[in-house]
Amino acid sequence: MAPHYVVRSVDRAGPQTIAALREAGVATAHEAAGRTGLLGPAVRARQSGAAIAGSAITVSCHPGDNLMIHAAVEVCSPGDVLVVTTTSPSTDGMFGDLLATSLMARGVAGLVIDAGIRDLATLREMGFPVWSRAVHAQGTVKASPGSVNVPVVAAGQIVRPGDIVVADDDGVLALPVAVGATVADAAAKRLDSESAKRAKLAAGTLGVDLYNLRPLLAELGVQYVDRLPDGML
Amino acid sequence: MAPHYVVRSVDRAGPQTIAALREAGVATAHEAAGRTGLLGPAVRARQSGAAIAGSAITVSCHPGDNLMIHAAVEVCSPGDVLVVTTTSPSTDGMFGDLLATSLMARGVAGLVIDAGIRDLATLREMGFPVWSRAVHAQGTVKASPGSVNVPVVAAGQIVRPGDIVVADDDGVLALPVAVGATVADAAAKRLDSESAKRAKLAAGTLGVDLYNLRPLLAELGVQYVDRLPDGML
Amino acid sequence: MAPHYVVRSVDRAGPQTIAALREAGVATAHEAAGRTGLLGPAVRARQSGAAIAGSAITVSCHPGDNLMIHAAVEVCSPGDVLVVTTTSPSTDGMFGDLLATSLMARGVAGLVIDAGIRDLATLREMGFPVWSRAVHAQGTVKASPGSVNVPVVAAGQIVRPGDIVVADDDGVLALPVAVGATVADAAAKRLDSESAKRAKLAAGTLGVDLYNLRPLLAELGVQYVDRLPDGML
Amino acid sequence: MAPHYVVRSVDRAGPQTIAALREAGVATAHEAAGRTGLLGPAVRARQSGAAIAGSAITVSCHPGDNLMIHAAVEVCSPGDVLVVTTTSPSTDGMFGDLLATSLMARGVAGLVIDAGIRDLATLREMGFPVWSRAVHAQGTVKASPGSVNVPVVAAGQIVRPGDIVVADDDGVLALPVAVGATVADAAAKRLDSESAKRAKLAAGTLGVDLYNLRPLLAELGVQYVDRLPDGML
Amino acid sequence: MAPHYVVRSVDRAGPQTIAALREAGVATAHEAAGRTGLLGPAVRARQSGAAIAGSAITVSCHPGDNLMIHAAVEVCSPGDVLVVTTTSPSTDGMFGDLLATSLMARGVAGLVIDAGIRDLATLREMGFPVWSRAVHAQGTVKASPGSVNVPVVAAGQIVRPGDIVVADDDGVLALPVAVGATVADAAAKRLDSESAKRAKLAAGTLGVDLYNLRPLLAELGVQYVDRLPDGML
Amino acid sequence: MAPHYVVRSVDRAGPQTIAALREAGVATAHEAAGRTGLLGPAVRARQSGAAIAGSAITVSCHPGDNLMIHAAVEVCSPGDVLVVTTTSPSTDGMFGDLLATSLMARGVAGLVIDAGIRDLATLREMGFPVWSRAVHAQGTVKASPGSVNVPVVAAGQIVRPGDIVVADDDGVLALPVAVGATVADAAAKRLDSESAKRAKLAAGTLGVDLYNLRPLLAELGVQYVDRLPDGML
């Protein structure tokens, strides 16, 4: 019952798609994807300014046990992003500087983990970016089986092996390979469109005019008044 | 039922009062105000070292809908602070760099939002300070009505339009205009008094002596002993 | 009933032990101590890069009342770490720059507090490191008795007076004096061992080989496959 | 600074309005009020099946201090609802069976408290309904001033003295007296309308037809398919 | 981008498998499934003693918008379980007695929702069982598109359309149809085995003997002593 | 390093003391103990109306591993209370009906666990009372060592082997044997005193008069007014 696998092969998106989504960033790529794919805010950046994208190598661990992270390393290719989850909620520090050293040696771009990490100061010095639910030094064991490259859930979001993972100061996004190129194109268009909008807004144009929101506000019954009517809280 | 308003006029405190309270900072102004007006700690600074004060422009939004933030922009004057709330709890990213561009064009001092923000790296580069409950890229819609410049509750604290909002690394404070000048005076006195105390404490004077706490400790039955008596936990 | 004490004498570990544990850091010392002594992740560093170790001066306060912190100052010796708890959960800002000034004047190394702190910007400027549950300016009173140098619980961990407290970006650890030297030796050995491992991992050796995990993975029934079998989630 | 008041007079809604809103219940009255006035879900019923409505007597306490609850008792009239808040977050058990005995002697309908309660088993036996943030026996003191019948914030919602408070298994609602009669009428109409709808739905009519939602679904681009297209997650 | 679907067809498990898993209950079925499929504890029973199993009809909604629940009703067959999620975290009360009436009219067995519900007292009277993240009367709109019968994540667990959902006082479990019969068999064996064990344990046999744990305890270095050695905390 | 023990001998309080504290209940015994010994509110009753007291058998487990609970059973005597903790935070369901059967066979009074339990419906039918942090069916392993009858921390409170544990609908209290008789006496006196007070309060005497609080309110500057002065929020 419940067999455990390390799956070696992963279908990855092309490098241009991945680069375009890294360039777009989490917020823009999420919008370009129709507001899908976002992990919850509890998994967040543990450094400032890092921005990565890569193919997901997914890991499902027993809580408090990092055995399967070790098993996942040799499946990683340069530019991949390791995505680690546990089978029940945990903040234990499953990942530290030794594992980061090993991943950097393989060219892994960064770590997304729905659990805890440790050696934070060293990780920052090494320049290995992490997104985690907690920083907690609590030690873990290597005793229970799990799987590598099966679909997992991280911070409420399904992540499949090979998904394009985008991560920056805004959080983490996971997109299926199949929609990658389309989303990357849409994201590039959004970046252009946002530049134009930014220039107009910086020059003083109001969003209610730029987005033509005044008719909607009127239709919704929003009234403009100089003073709040008496009796209104 | 439940009409929605954009109220254009707000009674603001004078610039000297506002400047004095920004100078005092959240902790000192809060003490000077008789320990009132503080927002809960869940809404916190998303950058380091920013310290602002200004008049509150309040916004009440449907969760996951930032329409009313757009409606609020034209009501802002230079130096104001936008205070955004939702009608039920939400961490969606209702505010990003485009809205910040628009607010900076109007001279708005910063944002306090009891919900999520996104584009954090860009906001930091722009130097637009934000205090928020979450960083979350989750996209929002523009579909539901709300109000601008009605009393709102942010992080458990009532904020009225025009309230003097002080925000720094310690959090956010909201004070009625009516008490502003008095609190500013009291805060200035506290700053002076704290400087004197700081010098004495730095020189080695103990707080129990400086504040004359030894009689109180004795009255409360606190015993000084060299060793904990046996049987005491 | 329930007498309150300020206990003046504390048995401290030797300075070499303390220095060795500071050098090892929280994560390594915690492992060297058999994965014991760690505080929960809710009490965390409020600055980046600080790393301290020292003897615990413990304080038990009524929530929202910092009287006993003042009483604790004169019991502190240079290099000590103040560990503050409340008798029920609280995020009130019980500690600020004046108390920090007083503690720095006595050479105290830092503060660990299972409650809130304030004046964060000033504390960072002063270089006084703090680990806290919250940043909250909420003011406190000086009205209720408590104790200094009795066993306390901070973030779910027992801390006894004199315990060696280690704190850095990974969190906070508290170890009994009796095990200090042994743990310090074990930690030093781990540091050596980790250096050797780090070199091998950096050179591309896999953890599954370095730690000989392949037999364990096989024994646990983990299967290596190229593709996930059909019908598996 | 920050004077403390016990305000004796409160403007209350009429008994028919209050009775009508109790009959409507929290969910229906909240809808009838344009989806306003609801407290957050963290303050919840500590018994099953109780349903009350009454005029708010508001209390603002120092956390861990129930002095002002005692001060509030003599201001209560039969049918009132006591609404207790603290000036910073607390789960301490500020209210137990003795205070409940005192309130029942005055005919108070129930308690809403954004903090902890204790003596839960006895409160249930007495039939005195409570809505609280926590059940926690943690004892409190009587040492700090506060106010009775000033506007407060409970679970993120402004509650003013005299507000009509409705509470049942769904939570707690607070409505201004000024809108009470209008909301009560609207709620009564909703109850009628819901009865009619309930009969139709029970008979098998679909909500998409009853509320005419099919055109909206089409307009929003929702497609009906027999099988999810390939490549769609 | 991001098309929205209502998928009409769902592959369901057979009624005997479903009945067997309902009989086994969440805890036993979860063990029989190799400790997979469990939703997190935040989604919990809102009544006492209900125990259901059925095929999942999944719904993905915009937070604060219950339009797609209405769209899902006609896709439900007798015995199904509705599983509702939102695209970002929400506790709004998206489901009440009218929707429950509609679902009962179609023979739906119950509701699992990673958000809020309301009309709790009525739902209990109706005997319609619900498992939810919150009880909150907060009203919702019908304005944004979503999908029915696509894979969703509820309380950290992937739920696919047609998954066998088991729910009782212990929480909620979701299992793929493909493993249903095998898990049901394994669960039935566990029930038998547990009955035998229960009888032995009730008769005084110790678990350390029944499960032969003494050798493991010895191997792990656990020492049996009459008194804790001195110096051990 | 970090040896693991099962300690067989525990010093227990006398049966009369234990019975008196059960009679007093958590809230009264906590007050009688000078407001000490209370566990945090996160560990709470999973049934209604149960009230127990007994000697603590403490268990320290690896998270997600219930091996040491099995090891603890044979150390229990009739009337004892099992107190289970984990070395890092966990909600896994470490305890179910089989372990309860085993404990009932030994006459154990109940379970206090700072983690999860499962088989809740059966536990209620069996009449075995539990206080837990969570209800979660998540399965656990039997693989890691821990200790029985060493001091532990449960919900922020130190619990020592043999401590008198009192648990009811208000939560859980742990008191050292050494203070048991004194606290039991004080609790009995409080029960008498509370009966007298209850009678007076039921007859309409106000708490402000019964406890003579009017002078304190005046001293603290609380003003009685008919209407809130203008300008006061």
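For clarity, chains are labelled A, B, C, D, E and F in written order, and residue numbers in each chain start from 1.
Following the convention adopted for this analysis, contacts are C-beta pairs under 8 Å (C-beta built on N, C-alpha and C of every residue); 3 or more make two chains touch, one makes a residue touch a chain.
Remember, predicted model here, so these are calculated numbers, not experimental data.
Comparing the contact residues of chain D and chain F by number shows a mostly separate set, under half of all numbers used being common to the two copies.
Among the remaining chains, D is positioned farthest from chain C, on the basis of C-alpha centroids. Note on chain B versus chain C: their Cα superposition corresponds to a rotation of 120 degrees, in steps of 5. When each chain is reduced to the average of its Cα atoms, F sits farthest from chain A. A separation of 41 Å divides the Cα centre of chain C from that of chain D. Between the CA-based centres of chain B and chain D the separation comes to 27 Å, rounded to the whole angstrom. Listed for chain E are residues 35, 38, 40, 87-89, 91, 136, 138, 143-144, 151, 158, 233, each touching two or more other chains. Interface of chain D with chain B (complex): residues 1-2, 32-36, 38, 40, 87-89, 151, 153, 156-158, 182-183, 186.
Listing the residues of chain C that touch chain D in their complex gives 62-64, 87-92, 136, 138, 141, 143-144. Residues 3-9, 67-68, 70-71, 73-74, 91, 93, 96-99, 101-102, 104-106, 116, 118-121, 124, 134-139, 142-147, 149-151 of chain C are the ones that touch chain B when the two sit in their complex.
In the complex of the two chains, the chain C residues touching chain A come out as 25-27, 30-31, 35, 38, 40-41, 44, 48-49, 51, 168-171, 173, 194, 197-198, 201-204, 206-208, 211, 213, 216-217, 220-229, 232-233.
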